[in-house]
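Across the two complexes that follow, chain A remains constant while its partner is chain B and subsequently chain C.
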Partner chain A sequence: MSRRLRWWAGILIPFGVLAVARWVLPLPFLVEVLIFSVYTMACNFLLGRVGFISFGQPAYLAAGAYGTAFYLYYFGRDPLLGILVGLASGWLFSAVVGLVFVRLRSDYFALVNLALAVIVYHLMQKVLAPITKGDNGLWFLDRMTSTPVLDLTRPDGFVWFAWLVAVAVWALYKALDDTVFGACCLATKTNEDKVKFLGYHDFKIRWTAFVLANTTAALAGSLYGVYFGFVSPEMASAARAADPVVVTILGGTGTLYGPLVGALAYVGMKDLVSGVVGNWEFFVGLLLVVIMLAGERGIWGTLEPWLRRRWAWRRPAPALQE
Partner chain B sequence: MDAHLWISGVVYGLSMGSIFFLLAAGLSLCFGLMRIISLDQLLYYSLGAYVAYQVNVSTGLTWPAMLCGALAAGALSWVVERWVFDRIYAREITFTMITSFGILVAGVGAIKYVWGLVPRPMGIPVEAQVALLGVNVPVYRIIVIGIAGAVYGAIQWLLNRTIVGTAIRAAVEDVDQVEGLGVDVYRLFTGTFVGAGVLSGLAGALHGPLVMVDPQMGLEVVPFVFMVVIIGGLGSLKGTLVSAFLVGQVVSLGSLVYAPLAQMAPFAAMLLILLWKPTGLYGSALLRR
Partner chain C sequence: MSHPDGALVVEGLHVGYGEAQVLFDVHLAVPRGQLAACVGRNGAGKTTLLRTIAGFLRPRAGSVRYGGVDLVGRKPYEVARMGIRYVQQDKRVFADLTVRENLRLASYATGDWDWDVVFKYFPRLKGLLDRKGGYLSGGERQMLMIGRALLGRPKVLLIDEPTEGLAPAVVEQLGRVFEELKGQTTLLMVEQNLPLVGRVADVVYAVKEGRVVAEITDPDAIRSGAVEAYL
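And then the complex of A and B:
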């Protein structure tokens, strides 16, 4: 019992702090941090657990967002169903694309993903313009019906929904770390040949991990779509391709709280810097270079060992630490 | 369809392929020798175009302006190599890729800050047209194709006929061995990187008059350049040349058949080729590390 409690405490304490922050921080800021952290979590899993680096995350974000947008613009009105449709379309998209991409070496993988993001951008902007309305985007804010319990059409309800989704995503990825599948993912990153030798299907593991992470990214896209009530090709823009990778590294690659800390720092910085100079791309790029040269451990990666040492003298450390 | 349209389409595709080749050759060489993926080459491409534009506007010169663009790009690449890449050559490929992506994003931000967001038109050096099989073709495009061919020949000559080129080819196979022979490989690295930067800057300057010069131009060309490099195989110069013209033709002729195809067809071609050969047309398994 207490073990399970402690397991959940690891997630609920930081998110509890965020929930309390609801009354301190401005609402749009909090929503942005929550959605962005989900988006980054996907990239963090790919980069830190499976060893995939992808500059094409916007493609999957857009797949989810457009799935939701098509449903809400042309067919239905229920935002919850819309998010499910977005999730399904993201799953389908990454499942098909993954069949080809997962076989590639890591350097090819990153570049092919970047190409994919640009293709999706052109697809949505020009080729499918009759359906997607091109650069004008799809507006469906007033088409959505309000939902019971948590009203997704109002920011006040949406923030709690996003909070719940984020907690669920964290619980999923934390639970995944304890499973055989999670261990296999880490093993493919470390030594692919040994995984094959042990009798695991290397392709299947990577494909599942790829689809799981990119469906998470699509979920973030759906959340963006419902929150703004608007989706445009800008979502798949290659100019934003580095964002999730930057935030993952900023927070600390492969750590559980890295994406959350990174998203908080990144969104905060973006709001602050763009308020002062407007030209925040320059600083993001510079920050990325500095972090990489400084040892790529990120904010949480630096903070965690220190916190653990502070914690240790009061409570014995758990027996099985990595 | 009209045969005239096809001929001008082929010339258009060849000139575009030349630009792709100039950009991708540097990337490919950097990968082969240093095992880095230098996304910041696209920054030198944009910078080359902007400097050429600026010199062109303030002096009215055209060819010297392009030379200035290429040299400015080379200078910036030298600074970046000294400050950043010199420290990270030993790291794994993805590390260099992320770092260089940071440089690219920061550089594009700086370009936006200096020149603004508006696309700028650039003067074309040669406005004459020449009749080719009864079709009027801009001479400038033919010159661009010629320059790309000359650069390919020059690089091949450098690699195969000079002592430096021999050292580079040997270092592609085994860096440690070459270092053991007393060659300062870091000087080779610097030279190759700056050479790649100059080629990228030249590509940008030459491409400037054909398209508008705008801050996003580097990011717009990213997918095509990487398609070229991936299809050709990382590290192979010949593969890069073949795939550059292949992609150029697919883009150009594809858009004649069905306009939106221009953006999609190369991607489909790349997927097919990668399914067939996961390391590209001429990429060798030897280059694995």
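And then the complex of A and C:
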């Protein structure tokens, strides 16, 4: 198989399986897995590629969601345009915040992001209540107009749109891995000083990575907004700040399939276990402890070497070269 | 002090960390295309000197000039872009990146994609292109670090203890590389291996307790290891 074909197969096979699952799994479950995987890809890139652990992802999720909601509630009716507005607002928000935040590292970075989530929550719930409607949130489901080809106002149209977005975002991050920028991000994580000695502006690298990841989180927020036709301050709640980090670790930090596997496991447990017992978070916590004790590599991080070995065993040994 | 042909000139350098002063009134000059070695005991301030030249530390007083341009106050990446490369002592490459990716990073930063120069000095790296930096031996890591610094044809190489902890065969190879690099690049090397210094250096500075206590330029004195008397 040629390299290019293998590259695309790496994307189309897992997402092809998800597409087929459209006829097997409940639609709301599939939509949530797709959107959550986009949300987690941002966190996975920050944590696995740049070394930033952020407990403020809900703030960026809310930036995208409210950007979309403001447009669809006050100005327009086109959900596609609403998503673009959400994307732009997420980019602007993270670009400005990033100018300050990426100067910090490790625990300070994690905590300042958590503080940002608290601030955004408070802004949306109290300070900006006249326009955000506070805890009541903004409802715009019946304001959205149908879109051509894939109707985003209908769940069966939206699921394909979310699928396409997830494939595009996933392809983007997969392509980034092979670029000099991707290597720069990983190098920054390993040894920031050496990146400077090579002649790179380390701040620009960190800022670009930060903005890219958080714009992705905002895109996930926009998708949530359009899917539910509703946005409330709960989206920025600090109580949900650890979710993307947990799912990233659950799936396998820094691995390409990790966000998808993690989102499947997390949403699956939430939906399946919560149907049987109330405290599904207990089981997620338990699974996380087991995964950490098993080697800190997450579900995909543990499966991948095993699958690689199996694959290598089936393939003929390469000819020796001088 | 006047050095009309000096490529890299350090004058009256005072450097410290917080309240602790490490370098006191350091003067040195490395003529273009020559190799200067700084020798001294641990804690003498040799690494601090290189880090200051590379832009990582801001001196309290003094100047660092390269080709007449003052480097003080410039960011490390700006110094690197001027063609002054720093090879750190720690021998840590980007462990998660392959040798190829490590070289690509340097190529992209310098615009020099001709890796033949790297393979000319370190042919071993050619067979390790797809190996991750974390799986290289100490000698291979050092080769990669120096090889990476050679891309873009650097004007000055600052090399911190390149042979520390390496096998004699690798030290011998690095010695040959330094001899070949002289004439094309200006080198300032911190090194405790006095036989190697005696073999490759054109000028030797003895650094003791943050001060340059001797400047030896006589080739016979350098070869005979006369600097040892000052340490």
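Criterion: the second predicted complex is superposed on the first by the 300 of 322 C-alpha atoms of A that agree within 3 Å, B and C clash if a C-alpha of one lies under 4 Å from a C-alpha of the other, contacts with A are read in each partner's own complex, and residues count from 1 in each chain.
Definition applied: a residue touches a chain if its C-beta (ideal position, glycine included) is under 8 Å from a C-beta of that chain, and two chains touch if they have at least 3 such contacts.
Here the structure is a predicted model, which is why all the values come from computation and not from measurement.
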| item | value |
| --- | --- |
| Touched partner set for A:283, first chain B, second chain C, both or neither | first |
| Which superposed partner A:127 touches (first chain B, second chain C, both, neither) | first |
| Which superposed partner A:239 touches (first chain B, second chain C, both, neither) | first |
| Partner chain(s) touched by A:107 [first = chain B, second = chain C, both, neither] | first |
| First, second, both or neither for A:142, with chain B first and chain C second | neither |
| Touch count on chain A, higher of chain B and chain C | B |
| Chain A residues touching chain C - in the complex, by the definition given at the top | 180, 183-184, 186-187, 189-191, 193-202 |
| Touching residues (chain side chain B, partner chain A) in the complex | 37, 84, 87-88, 93-95, 97-99, 101-110, 112-113, 216, 219-220, 222-223, 226-227, 229-230, 234, 260, 263-264, 267, 270-271, 274-275, 278-279, 288 |
| Chain B partner contacts - residues on chain A that touch it in the complex | 53, 55, 100, 103-108, 110-112, 114-116, 118-119, 122-123, 126-127, 238-239, 242, 245-246, 249, 279-289, 292-293, 296 |
| Residues of chain C touching chain A in the complex | 54, 56, 75-77, 80-81, 85-86, 88, 92-97, 101, 104-106, 108-110, 148 |
